[in-house]
Structures are given as structure tokens and as C-alpha cells.
Amino acid sequence: MAERNIESVNKVREAVSQDLLGGRIDLLLGWEKGHYWWQSRPLFARSEEDLEKLAWDSFCAVNLSRYLLEELKDHDKIGVLVKGCDARAFNRLLQDNMVKRDQVILYGLPCPGMLDYNRLIEKAGGALLGITEENGRVILNIESGEQEAQRDDLLLDKCKDCRYPDPAVYDQLLFSPQGEKEGPERFKTVEELEEMSAEERFGYWEKELSRCLRCYACRQACPFCSCRECFVEQENPRWQGRAYQPSENFMFHLVRAYHGTGRCIDCGECERSCPVDIPLQELNRKLIKDINELYGDYEAGLDAEQEPPLLTYRPDDPAAFSEK
Amino acid sequence: MRYRYFPGCTLKGQAKSMEDTTLAAAKAMGIELEELSEWQCCGAVYPLYEDELISLLSPVRTLAAAEGEPLVSLCAACHHVLKRAQELMQRNEDARKKVTDHLEVEYAGEGRVLHFLEVLRDDLGFDKLKEMVKKPLEGKKVAAYYGCLLLRPSKVMQFDDPENPTIMEDMIKALGAEVVKSPYRTECCGAYLSVTEEGVAADTVERILDSARRAGAEILVTACPLCRYNLENCADNEGKTPIKVYYFSEILAEAMGLPSESAEDQGTKEEVPQG
Amino acid sequence: MPRTGVFICHCGSNIAGTVDIDKTVEASRNFPGVVHADEYRYLCSEMGQDIITKAIKENDLDRVVVGTCSPRMHENTFRKAAAEAGLNPYLLEVANIREHCSWVHKDMEEATPKAIALLRAAAAKAALNEALEAPRLDVEKRALVIGGGIAGIQAALDIAEAGYVVDIVEKDPSIGGRMAQLEKTFPTLDCSACILTPKMVEAAQHPNINLLTYSEVDEVKGFVGQFDVKIKQKARYVDPVKCTGCGICWEKCPSKASSEFEMGLAKRKSIYVPFAQAVPMVPVIDRDSCLYFRKGRCQICEQECPPQAIDYEQQDEIIERRYGAIVVATGFDQLDPTIYGEYGYGQHPDILTGLEFERIFNASGPTGGKVVKLSDGKPPKKVVFIQCIGSRDKARGMNYCSKICCMYTAKQAILLKEKVPDAKSYVFYIDVRTGGKGYEEFQRRAAEEYDVAYMRGQVGKIFPEDDHLVVRGIDSLTNRNIEIKADMVVLAAATVARADAPEVGRLVGINSDSYHFFNEAHPKLKPVETHTAGIFIAGACQAPKDIPETVSQASAAAVKAIGLLSKEKLQGEACTAEVIQSECSGCLNCEAICPYTAITPVEIEERYKDGVLKRTVAEVNPALCQGCGSCAVTCRSGSINLKGFSNDQIMAEVDAICLQR
Amino acid sequence: MTTGTGKSRLIEDMKMNSGQDPNGCYQCGKCSAACPVSAALDLKPHQVLRYLQMGLEDELAESKTPWVCASCFTCAARCPRDIDLARVMEGLRLSILRNRGGNKFGPAELTPEQLEKLPQQALVSGFRKYNK
Amino acid sequence: MSAALNETAAGWEPLIVSFCCNWCSYAGGDLAGTSRMSYPANVKVIRVPCSGRMNPLFVLRAFQRGADGVLVAGCHPGDCHYTSGNYQSRRRLSAFKRLVEFAGFEPERFEVRWISSSEGDKFAEEMTSMTEKIKALGPNRKMRDARWQSVTSKV
């Protein structure tokens, strides 16, 4: 079992139960364990009973803020557990007027990074019964005994280069902050792709995007996708065809990524939720990298007061094309 | 208050008294100046030619050696070179990469780079200094001579108002002396022209001294060994009122009741002028 | 399916020479929805228009495509023709087969298929065209002029003379502005007050003009024809109805403050009128220096006032009014030269700015009109004028030329010689710029008849020595260093935008250049209009300029305002943005990028489960929207669209053009 | 006199390495008015910029001015066109030295008395300014 | 594979779709016409009110439907009829241009240019040079929708 820390779960529960049971919030968005020990799924807690199920372990990857979009229709005040990325997602929703700050109480959870089950079993090399964690190490409980590994090596891709593990916005911070991180490899893949020739790059994306099933899980998981009706599903105008066909797949993914320009918080939920492993985060990161290079550093979701780069300009902005 | 301290070559030679008096005064004020364990000449001039990165190796090595802690120097030229090298390291990524790669050090322009006068003004405070004065320099008419290197370029040096600086006057006031202001206090003394164009340096120095005399100064203080050399050696002062030139630290030490050249008024020292 | 008619113009041989008209007509018949196709030699002629009108009626057409010259030429002509036949004019599309086709391609083989593609695109777009109505807007027959300097006064007088009511809002206690501070005006040397004062009085007495002095604009809402403005009238503490302007109060007032009008060179009382010819001649009490307001006692003015006009209890008042047009004429400031430490301004009383020197000449100024040094009261014998202080200076000042300094420096040097005949003037200049009627002749007179020494070069440093100012400069024509022991130095400090210009711009909704001068709508052809319809600019708030230019611009702005006010109704833009509120998620990114503040949030109610859900969505004010369409691009879900250039129309054009192969 | 046409190598070198463009100068002369050693210059600072604008390479190479400039930065501090003339002078010195080869000034030219009395700072800076 | 995708270089002419803002670039195109300048007929212009109206999706749409190159033209920065439309499009289209290049399009396929209403010569030059560059690159097959092409070839 991923018993990382019973104490910390208790601490989280303690912090929220008073508010939930005392009526300060109508609903708590947290995590509970799923069917398998390596799954933690969203928890919609309304009662003490519900709170018993609360989990805070190394599998709470799901970004909870996005659930506010729907839940706020039915609740006046919602408490949300927020990791670094959930909090940035919250700020993003705030900037898009999707939520009001006073409708939500944020419980901040500085995040150590979530573990990748695929990496775990790969490391285990066989049936994995569970894990225990201590001091940055993970002990894999396998049939033949125990095996130790560095926690950092087992993180989800989206967590590996996370720069802001601490919530940028919260009402109450439940643990001590982790501090800003380097994330040196964040743009590594983007840079590798940039090195390729146009033909190679097109080949790469053609291959990757050919797998797309057009299930839109990426969109459903994304905190910047907050449209009431996505362009891809509109009848009038018919922005693009719905068939999963190479040209339409390009259309969908390029426009989806473009819609995240200056808005993507780099939480990686799109890529994590993709059932066919399309490296979607690289498209997002390409835009983050370019916007930073062209129009100054901007990390979406860090500061809800800072104007997103596509909603502002400077007369002396540079361009990615010749201005002569 | 603890600082890393970069003396520079001249302070170990011609300008030994600037170092001695500063260290003594600092000690008396509770300011700890810890000399860098290894240091090299700063290069004396900041390279203005963009591809002269080789000249930056030494100052950047010094900056990196401070390990991000505040780094203090006394000589105006050293401070100038260090401060500008730091600014370049902050501003120009390309230059930073070339220099630090070559030196195999990590340095990205961090740490405060201070002249000792800035320590007195910003960290200690002149009010505090005034309280520490043991022997106020009452009745002495002292003019500050800033020269170039501390003030310009002001965007980088950020030392004081480049046209109307007050930091030295404020110190002189705190030491109990009478401040005398001359309009030539920010004009160049001729610098190294004393080596190659003696006549030119004689003109510049004469103007500075005459102007200070006209304002009624008896003593001129500076933070630059070369300025002092020029002021003392380049002008023909025949028949003019003598003006003594001291390092700022010497009158500081004197007012603190510590031994200094200015306090001892030693006979071995040549007075300017002899006439 | 639409019933589209296509009409192709030969334009003599202009189109027909390179485009095979028959083939094109034939091809057009095959476009989806096309039920009629025809051609004519000159469609824009009356006969040509008749052909279109008739065909619409006869064939029951509901869309029209004309293949002719650029829509920028004759779109309106053809729209009128369509309207003649009872069709909404916006159901017509133009395919530009002349400028963009027949004139730029050599032969029929090239141009004909392209013309067909362009027509196909126009037909595809037309099929999606909708009937549009340009909004008709009311016009409030009243104008607001912000700023009571010569520009504001002139604009107000012109508008008032045309029969419309005008309010002048002036932040100072009197109208008059900068011109009131000047001694004489170049190049004629008329006394500034003598030509300005009658205009001030005329404005005050004009039945159509209301002066709101000591007042500021607080808020501007609305749009062309209907600006809703809040004006704050600051408390004067003097009842203007009772006050007779007798002057006893300021004579008796015991406390003093630095005079703004005298550029700080003299004092005024705490109850004061800024200058002797002030309009209105009603004083104000300056709370900051008044003994009563500071310490609660004194009240001498109250006791001495014969008509008992003093009222310490007066409060700021907010006036709310609607205006059809606004003229912004807020004037300029002078750059503060203390940023040039080498010139020592502020450290010596005999180092002055140009505007300060103006006051030294003035009979009611700080020296009573005697040209003397402020340090010792003696007349200056050597005066150095330095030009371009902060002008043409991209390092520390302004990159532009202030335009007026060359002339006023020459003027001041002449006046100096007249007042102090044995004075010698030196002018350090970089270039002398004297564009203007009689200007060059005037400046030459200064040099030739008034013994003004023009030195081409700049000054490096000024410092006091003994009883004079040492000015160290260069004459770059002889390349000699010059040292002048001067009695006085006059710095021609740059003309800059008012410090509060950015705030005024934001308030009124007009934009500025990087120096905070307000932007005209077009640098050549719309010099007094702004990008906001109904708001005009005049005078030095737009750029440095002299009095004649300011007055011309003020009259021009007035004419534009009169033209607007004379209309019964205004026609708005038909191609405006529109929000599909059911789809709008309310992110309001469109609001953030709209250059016209035409988009605002609005709360709507929607059914949700058993109840009602309130939510915020965007709304477009069609009167403000100018139809740029940037909002439609910002909107990721296409919930805001631009009429006339809608998403589906543009995509239909793309599709149709690409069908070519 | 050479005509100022074509590109001079000296001037192009100077421009590239100093990052300064002489064409930004409108000859107001403030640099020359401010220069403390102006009187000793055969070409005043603003003239140097004018000669650069005209491409008068030979005249510049022969001028004393770059060698008399003391790098006091007053010109740059006061220039309304934001031209760093101190960098221009340094650029010229180095471009001339590199083009010509050899040093302008060395220890051999100093008297023993000077060598003893001068502060190290003066010697180092002098050599650095005038040598390759 | 459809016939359209088997085009041979011989006899092939590229299709360039150019979106021009009404106030500057479209007027610049008019001036090129009135001045009788010439540029290849491969370029077809679609008029939009402002470069700020330019939705990047329109560019992809053109590629899908068979365009070999797309050129967006607007007023020079500072000259926008709507004050800020081109400032906004400069940011949007810069980000988007880099993105389409990242997806594997050659940089020449999508360009943005500022052309004023007085620059008829520049309009003609840009249209000519765009056409030449695309000719040198050959037909665009990336993102081209085969279904669309096979449908259209029947029309």
C-alpha cells in the first residue's frame, strides 16, 4: 500500500472536516482511493462519512480545480485541496471568470510530485504488491521481497520538471512549502524537436497524432479548456470535421494547443489522460517557451493579477516574422 | 556587519595608508572586512571594447570568490571594474557564459558589490558614524574630490547623483569638518594621462586645485590612488595656497582617534605645494 | 439555398482586356446558389446600376455579387443599387477583379481563372450574408471642451457661435492657460495678454458658453453623440454669485503660498485669483496654506468681504451632463530641467527656464516687469540662452523637437535687448528651426539687429563662481571651447505633455504616443479626430505647437464637433460584433482586448435543473463597436462573431478559393 | 583628404566591437563642451564622431584624440543621443592598434622615477589602454 | 491516393491565400493594381477588416483545403485603423507561426507582413517573393485533406 504518511492524511482531514461539518463549505473536493492501490480518484465529500475516504498520497495526480466548473452550479461554497498545479489551475479559472474567489476555500498542499505506476512496475520487473515511502526513497513490495528506488526516478512525467510544486494561491497551507524548483529538462524534448528538420518533425507529429481517437480526454482534463461548447463540436460554423483522420487530427491538436497560448499552466493533465500516449505537453510547452522568449517570462496561473500575454501587447513587441 | 574585502594591488603598495586607515576605522566601528583568501589585480580599467572578454576574467573570478556575500573595495578603480563586470554578467548572458566557462566558476552577477563609502552610508549610516567620532575635525575646511570612476556611468555604478553627489560631503560633515564644495569635484583629473600626456594632466589637475582653493578648501579627500597621485604630483603650485590631499579613510581614521597620515601630519610627506 | 445574381463589369477594357468575360459569366452560373449571371461595360454607370436593380426584381434575387473594381471604390454605389431594388445593402458582395486581378496580371490565361476564383469566393460569402442595419444614434446637442487655454477658448467660441451650448472645464481658478503667462508673442511681438484677454471675456459673456473653472472631469461614459460625463467642481469657498471680485479679501489675507501662475518665482495669498485679468474674477481659497483651514482661526477674508461671499462650508460638487461631442485641449507642461545636474537648475536663482523668464519680463510678474537677476536685483548684462534642454534628447529627455523654443528664445533675446540695452545675449543651439510665416525673418533680426550671438553647439556644464555663472560650452563651427561668465542662464526646457495626460487619456478614452501626447486618428488626414468617434483634440496636448497652430487646430476641432452636433441622427457601423450569449462562457477575454470598451459583462439567467442559474456573459454595445473583429479571434469557442466578416463567411471564402484546383 | 565613401575596416571594426553607431550623433557638441581634456585634443570628441560618419579613416588613425582621452565617461554621461563615446574611443584605440600592430606605449618609455612613484593602478591602466 | 496528392512538379502552380486587412494591406494591393504593377496570379486575396480579425484556424483551414502558402498582411505596427489590432495579431500570429513550424511546416508556408496602403510596390514584391519561395518548396501536402480534394476535383 502507498501508506506514505497516515499522519499527513489525518492532518488534511482535520483541516477540512471542521469547515465541512461546520458548514463553512458545502462540498470538499479531494481524493479517495480507487479500485487499485495505485489509483487515487476525485472525492466529492459532503459528510463525515465521505471524509473517512479522504486520501493524500503519491497518486493524487488528478487536477481537482477543473471540477469546480460543474460543481459550482450546485454548491455555494466549495473547499478544494490544491497542489501546485491545482492552484495554478484555480488561478487560471479565476482569470477566465469561471469561478469567484470567495466561492472557494483552497487548502494548499505543497506537492512532492506524484508517482507513475508504469514506472513502478517497470522498476519492479514483475508483480508489484504495494509501496512504502521514506525520505525520498520508495520501497517496492514485490513477490520476491523488497526493492528500493529513488523517488525522483519514479515520478510522473508531468511532475518531473514541475517548477512550482507549492500552491500559488491558497487560504490555508497545510504543510511546509517545497520551494521553487529548477525544472531543467522542461523544454528538453521541445528543443530536441526544434533541432529536427521540418520533414522529420512533421513525420514525428504525423505518427504521434495518427493515434488520436478524438476522445477529447485531453480537453476534458484541461483547466484552460473552459468553453461551454468546444470549437470542435460546433455545427455552426463547422470549424473542422470530426472524423479521426490525419488532417483533422492536426487541426484539433494545433488549435487546442493554440487556445492554450499564455494560458496553459503546464500541469500535464492532457498528456496524462491521453489513452494513446500522445506527447501533448510538448505542444503546450513549445508555446510556453516561445511566449517567454518573445514577450517575457510568463507562467500561467502563478499570479491571477498578471495579464495573460495574448490579452496585452507592447508597441515594441518583437515578432516571429520579418517586420520589414 | 561582515563583508568580504578586495584590496587590489595599489592598496598593497603606494596606497597602503588607505588600507591601513580603513581597516583600523572599520574595526573601531564594528565592521568586519575579511580579505579574500586569493585575489588578483582587477585589471585597473574596465574593458570598453565588447570583445575584450579576457580582461574580465580576473574581476569575475574575484566576484565569484565572494560567494554571493557583499564584497567591499576601497580603491575607486577596483570598485568601478568590479561593479561594471558584475553588471555585464547580469545583463549579457553570452559574455557570462564565455567568461564563467573559461574560469570554470558559477557566477551570474549575484551579491552586492560595494564601495566602503556605501557601507558607511547605506549599512552603517552617517548619523551612526557621527556618534562614533572621537575627535571631530572641527574647523577644518575639507572638499571632496570624486573623480570619475565612482560616479560614471551612473546607470551601472548607482553610487550617487552623478552630477551632484553628496556621499563624501555627508561623511565629511559627520566627521565634524566644514564642507567646502567645488564645481570641479566630479571632473576628471587626467587619470593615466599623467603617464603619457603630462601636460594635459597638469591642466586638469590645476583646474581642480584652483577651483577648490577658490572655494576655500584646505584639504581635498579622494578615494582613488591615481587621483591622489595626480593631484599631488601633476600641477605646478608655485605661489599658491597649499592644499593637502588625503584618502577619505585617513580623515575618517583621524576623526575616530586612530593613527593616520593626516593625523600625524608627518614631515616626511611632501606637502603640496612646497612654495 | 440563396438566389444569387452575379454581375461582371468590363470596366471598358480595364477588366475585359485581361479577363475573358464570357468564360467568367459561364463559370459563375455554376456556382452554388447562382440563378442569374450577367455582364455590362460599366456597371458603375447609371445604366449598369439599373441592370442590377432590374435583375434583382425580375429574378427575385436575394444575394448579389458584383465582379468589378475594388470594394473600396464602388461598394457603396452597388449597395445603393441593391437597396433601390428593396434588397438589404449588406446582402451584396464585391469581387475585386480589377485592382487585384486584371490590372496586375498579364494575360487572360492567368487572370481569367483567378477572376473566377474570386467570384466564387464572393458568391460563397454572399450566400452567408445577412441583412444588417447600421444603428441610428441620437446626438445630444451640447459640447464639452476640456481645458480653458487658448485652444479650449477658441474651440468653445466657434462651437458657441454655431449655435450650440458648450461647457468649458478648466482645472485652474481662471481660464487663460499658458498663453496668459506669456509676455509677448513671436514674431509680431504683440502683448499676449492684450490679444488673449478679450477672448477670455468673450467666452465668459457668450450666452452659449458655460465656464466651469476650478473643475475637473471625473468620468466619461457612453459614446459618440451621447457621452455621459461627471464633472467635479472643486470647492472655491467663495460664492461666485455674491462675489464682486473687489479684491479686498486677497489684499487682507495674511498667509501666503508659492504662486503657480508665477512658476513659483513669487508668492500669492491663500485666497487668490491667479492673475490680474482672471476670468472669472472670483477668488479661491487654497486649503493647504489658509490659516483658517490649517489652524481653525483667522477668518479675516470672511470678516472683510463686503457681500459676504466667503463660505468655508462649501463642498466639491459633482455635475452630471450629457454631451454629443468632446474637445480635449489640455495643453502642456515644461520639462523640469533638474534632471540635468550639470546645468545646476534649481541650485541658483539666476538659472531659469524659458517660461520663468517670460514672467520676469511681465509687468505683473515677480519683478514688476524689470528685467533683473533674482539673486541681487541687478539687471543682467550677459545672458546665455541654451536650447534643446530635454528636447531631441533620447538619453534623458524627449526624443522630439519642441518646436517653439527656437522662436521664443529669439523673442526673449530681442526683448532683453530692448529692456536692457547694454545686455549681451548668447544662444547655444544645435539647429535653428524657424518654419512659419515671418519666423525666419524674426530670428535673423535677433542675430543681425539685436546683436544676439548664436553659437552652434551645446553647453557641458554651468556652475556659479564668484558673482557669476560659468558657462562652459563649445562652438562647433570653430571647434573651440567657449567659457562665458554669465549673469543669467535661460534654459529652453522641452515642451512636454501634462503630467496628468495619461490619466486624462484613460478617463476620456483616447490614446497617446509614448510621450503621452494624445494621438490624432490620422497624422495627415485626421489631425483633430481621435480613434474614439466624437472626441477631438486641439493644441499642445497633441504635440508641441505655437499659438497660431493651436488656434487653427482648435477651430478645426470645433468644426468637426459642429458637424457632428448638426446631425439629426448618427449612422453607426453595421458590421459589428455580436455575442451568442448561450454559448458564451463569460471569460471576458474579449473585453480585455476591445480597443473601444464596447464589450461589457452582463448577467443573464439560464434554466438549470429545476431552477435558474445566474451567470455573466459578454455583451457588445453596437454603438461603440467599430468592427475590427479582434474579439472574435480571442473567443476560442466562436461565441462572439463579427457581422459581415463572420467566421463561417471567411471559412467559406477560403474553401471556395481553394476549390480552384 | 580621402572622401568618406565606402566602408572602412577600421570604422566597421569600431562599430561592431563598441556597439556604438556614430550616425546617431547630430553634432551638438555637448561631449566636447563637457570633455575635461578638450583643449588638448586635435579632434574634439564631436569631430571624431563626424569623421566616423564621413568615413575619414586615415585622419582618425593619425589623430591624437583617442590617445589623450582619459576614459572619464563625462561625454557618455551627458550625450543626448545616448552614444557611449568612451566606448567609441576605446574601440578606435584597439582597432588602430590591431590594424597597425604593435603597442603605443610600454614600460620602456617611463623614467625610473616615474616607475617608482606611480601607483600600480596608473601603470596597469596605462598599459592596458595603449597596448594590444 | 487522390490525384490531387499526386501532382507532379511539372505544370504545378502553387496556390497562395493572402488575408489582407482592409485599411492598409488590401489598399496597398489596390495601389499595386492602379500602378499596374504585376505579381503572379497564384495569389488570391481575402479581405478582412483588420489583421486582428485573423483567426489562426483560418490558416490551417487553407492548408487543409489545398493552399500551398498563406500570407497574412496588416498595417504596420502603430498604424492600425483600430489602434491595436495588429499589435494583438503580432503576438497571436508570432506564437502561431512558431507552432505550425513546430508541427513540421516549412517556415515559408505561413508568413505575416506589414504592408501599408502606400506600399503598392511592397505588396507586389511580397506576393511575388512568396510565390517564388513556395514554388521552390513544391506543393504542400501537410495537413491537406484528401477527402476534400477528391470531392472538389469532381466539381
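In order of appearance the chains are A, B, C, D and E, and numbering begins at 1 in each one.
Note that a residue touches a chain if its C-beta (ideal position, glycine included) is under 8 Å from a C-beta of that chain, and two chains touch if they have at least 3 such contacts.
Just so we're clear, the structure is a prediction, and the values are computed from it rather than from any experiment.
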Hop distance check: chain A to chain C, minimum number of steps through touching chains? 1
How many links in the shortest chain of touching chains run from chain B to chain C? 1
Return the chain whose centre of C-alpha atoms lies at maximal distance from the corresponding centre of chain E. B
Please state whether A-E or C-D has more C-beta contact pairs across its interface. A-E
Considering only mean CA positions as chain centres, point out the chain farthest from chain A. D
Taking mean C-alpha coords per chain and comparing to the overall C-alpha mean, nearest is chain C
From the mean C-alpha coordinate of chain A to that of chain D, what's the distance rounded to whole Å? 58
Round to the nearest whole Å and give the separation of the Cα centres of chain B and chain D. 25
CA centre of chain D versus CA centre of chain E: separation in Å? 51
Mean-CA-position distance for chain E and chain C (Å): 36
Expected list for chain E, residues touching two or more other chains, is 61, 84, 88, 92
Using the touch definition from the top, which residues of chain D touch two or more other chains? 39, 74
Considering chain A alone, which of its residues make contact with at least two other chains? 231, 239, 310, 315
Touching pairs - complete list by chain label: A-C, A-E, B-C, B-D, C-D, C-E
Given the complex, residues on chain C that touch chain B span 340-342, 347, 461, 463-466, 470
Chain B - residues contacting chain C, complex: 161-164, 183, 211, 214
Would you pull the chain D residues touching chain B in the complex into a rising list? 16-19, 36-37, 39-40, 67-68, 70-74, 76-77, 84, 86-87, 89-91, 94, 105, 110, 114, 117-126, 128-130
Complex contacts: residues of chain D adjacent to chain C: 26-35, 38-39, 44, 46-47, 74, 78-82
Which of the residues in chain C come into contact with chain A in the complex? 514, 582-589, 592-593, 601, 608, 613, 616, 634, 636-639, 646-648, 651
